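Should a chain be cited, it is by its letter among A, B and C, assigned in written order, with residues numbered from 1 in that chain.
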Amino acid sequence: MSTIAQTVAPYAADFRVTRSRRSVVWTGAGALLVVVVLAYFPYIVHSGTTAILVQAFIVLTLASMWNLLAGYAGLVSVGQQAFVGLGGYFVLILGLHGLSPFAALPISAIGCGVAALPLWWLVSRLRSGYFAIATWVMAATVMLIIEKFSSIGGGTGMPLPGLAGYGPTLLAADTYWAGLAVTVLALLGIYLLLRGRLGLVLTAIRDDEVAARSSGARIGLARLLVFVVAGVGCGAAGAVLAISQLQVQPSAVFSINWTAEMAFATIIGGLGTIEGPIIGTIVYMVLQQTLQSYNAWYLIILGLVAITVALFARRGLWGLVDDRLNVRLFPVGYYLRPQVAGRSSDGKDA
Amino acid sequence: MTAPAVEGNGSRANGASPLLEISDLAVHHGQLRALDSISLQVFAGEVYAIIGANGAGKSTLLRTIAGLHHPSTGSVRFDGADVTGLRPEQRARQGIVMVPEGRRLFGSLSVEENLKVGATYARQGPWTIDRVYEMFGWMRERRSQRTAQLSGGEQQAVAIGRALVANPRVLLLDELSLGLAPVVVQRIYGMMPQILSTGITVLLVEQDVSQALRVASHIQCLLEGRTTLQGRPTDVTAEQVERAYFGLASSASGGQPAEGSDA
Amino acid sequence: MAWVNAIIQGVLTGGLYALFACGLSLMFGVMKVVNLAHGDLAVVAGYIAIGVITVTHIPVLWSFLIVVPVMAALGYVLQRTIIQGALDRGVLTTLMVTFGLSVVIENGLLQFFSANSRGIGVGLSLITASFSIGSQIQIAYLLVLIFAVAVLVLLGLQFFLSKSKFGRLIRASADDPEATQLAGADYRHVFGIAAALAFATVALGGIAYGMYSQLSPTTGTDTILLFAFAAVVIGGLGSLWGTLLGGVVLGVAQQIGAQINISDEVLAGYIVFLAVLVLRPQGLIGRRAQS
């Protein structure tokens, strides 16, 4: 009786393990180009356009975080708006102590990450349905507690201090760059995180939790890490939101609609892939811009599309593309390729 | 004890048509092929036993007959009609009732309630809840108890009773002996004559080969999803069974090894 | 004495919460579905009642007779189609789909009815009146009536589930859908009936709420859903009477919170909810944990 290793060993020299089918260099170069072009926008487009793009950045960051939670860690949270709100309020509080909102942004994001720790303790032992409801209650509770403090605006909110000296054009540009930076860092961070061991652990959990646990994977730690990262990301997005709105209003920053938007964008774009939220955000923005004057319609349609996609096209729009073209813009899997110079194999990724 | 169970009025020998007929069945679990080219015929009144090692496909076969798996090719015919497309509950109402592996009793229901559920869509016939109580003497007293409080053998009895009250024509028994002490297993199989006497045909899956050989009128051995032996217990030798079970070269004498079976 | 009044108010409000909770508990216990649209469905029922009353001018109490069966039928259809489809694809999908439903319903109501809140005018003066015990305790007849209805509904459900043939099938399907199939029952049909029951009770709750308070498109998620879930969790899953106990505990906690600080009513309830989730997730008298 030979072991699998003994059977495979003679052939090991014939194969190598790679991270992607094509060179990462090309995708990386392409991404860099996109970012550079986007960075130039404030110089070449109207500030109305950059404002719309800031919205897109916020939604994309939120969607990527929701995707990390639900698509990779299996945690369906309907309470991420707690961190969106907290991010905004951290900026407000720091602003009241004299710090510029842009300087406060990274601190707020980290603050949300810290806040995620006790909140995780509250909800970590719960599963699926209970977890979802618990996150919703958590967000509602956070909002109610914050509303009690009239020093930060109570139930009606407050304008952000520290923005008075800004000229409108510069403010719009700075807000835009802040949003771009947050989004790029968020996507980059998620990509690097999933490329590493965490990605393997999360995929293992997704496929078979019992097996993953018995193989020694630190599941609880993985989920905690994901929850904290999502807190940081959503907090950063919330900070950008506050800056873009020049004020913090509890009912706006803690609205369940944020969860609706990030969830729908992710589901439609494709749950469980990094590219999915990008597609989903594009769909979301197109719908929102087209139906702007029709109030609640874009959420209704978005919701209906999301339900349909969840039921019939489980891997979303990106899943449909991926199946045809077998492309990964963000390669996080592994391929087995034969050690033959110049030819690539048909290895399926992990 | 070597006498096989009642041979079923000799309907097989008489050229009557089979009650249950599986033709060239193939079942896949995703990409894994669980069953390949399985054919068998069960005639009224017989006790047909399917034996084989773990993972041979026995339970998959029974579950496919019950309707819980859909075959990729092949057909299941019951009393002449093609039932391959019928859902499990439809087959149950027509008279194909399974006692699933692991008992699968309703944990929050009492013993009697479990039987009542089984009787909800019952066909006409001699089996009633009372008759089940008579067969298993201890059950009437404990009929209000939660099934979780019963022993393994008692739970198996309730599971069988739940199937019987539906008045099946074909009773599918999946691994009755699993997890039970040999004495208990014997007692349960001892009920077989009573069950057969009411005209029920039995198709069972059993890991305990000697037990199967004791009760069956026909046996079929599976290995890795394929048939390796088919015949009557009286016509096969112990070595043939052993070879078919473990997958060594088959012999041509006595019972009928399946054509093309792998070593 | 004000405290005694508060506690009595809390207990009686618990009846309303129990009415919301039992449908949620039923769907979660039987189909393992956390229906995030549960609260919005109550609001839909209320709006349908308002519509029916406005168009046909029938007495308010008769609106039940129309709305409840309509909602029950809606529940059966939704369960057999969308929810069953989501169940077949996994827990995550079910959560996402019911959440999607919730958002669609709320925004649909917002779109067609505006954000204003409205109530179901209770014309019968007897119901709007209240009686007093002593000088500081005032109890509205309507609240007592709702509590009585809640108890009756729970009794009815209890009886149906434990004694009737279909109730047995529902409990069996909750334990093991596949084994129920093997016994000849179509578990998807059974689930549909369970959903119909759940929707019927939530319709009752929605109409009751519309009489007692005001309904707006966001009431479903602002108020009803989390309260209903709180009642289920506090009381414990798997026990119908647990939902009444949970509702009462929630109601009393809220009233005590209001006594301490008038704006802390809802917050007090949430804190108790979170405390139970963390310390005793199986609830006060629940038999099963979250499944």
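In this section, contacts are C-beta pairs under 8 Å (C-beta built on N, C-alpha and C of every residue); 3 or more make two chains touch, one makes a residue touch a chain.
As the structure is a computational prediction, the values presented were derived from the model and not from experiment.
Trainee: Going by the stated contact rule, which chains contact subunit A and subunit C alike?
Mentor: none
Trainee: If I average the C-alpha coordinates per chain and also across every protein chain shown, which chain's average lies closest to the global one?
Mentor: Central chain: C.
Trainee: So the centre of each chain is just the mean of its C-alpha atoms; given that, what is the distance between subunit A and subunit C in Å?
Mentor: Here subunit A and subunit C have centroids separated by 34 Å.
Trainee: When the C-alpha atoms of subunit A and subunit B are each averaged to a single point, how far apart are the two points in Å?
Mentor: 53
Trainee: Roughly how far is subunit B from subunit C, going centre to centre by Cα mean, in whole Å?
Mentor: 45
Trainee: What residues on subunit C touch subunit B, complex-wise?
Mentor: The touching residues are 165, 168-169, 171-172, 174-176, 178-187.
Trainee: Where on subunit C does subunit A make contact in their complex?
Mentor: Result: residues 28, 32-34, 36, 82, 85-86, 89, 91-93, 95-97, 99-101, 103-104, 107-108, 110-111, 221, 225-226, 229-230, 233, 263, 266-267, 270-271, 273-274, 277-278, 281, 290 of subunit C touch subunit A.
Trainee: Going by the contact rule at the top, pick out the subunit B residues touching subunit C in the complex.
Mentor: It is residues 66-68, 87-89, 92-93, 97-98, 100, 104-109, 113-114, 116-118, 120-122, 162-163, 166 of subunit B that touch subunit C.
Trainee: Can you list the subunit A residues touching subunit C in their complex?
Mentor: 70, 74, 76, 78, 122-123, 125-130, 132-134, 136-138, 140-141, 144-145, 148, 256-257, 259-260, 263-264, 267, 294-297, 299-300, 303-304, 306-307, 310-311, 314
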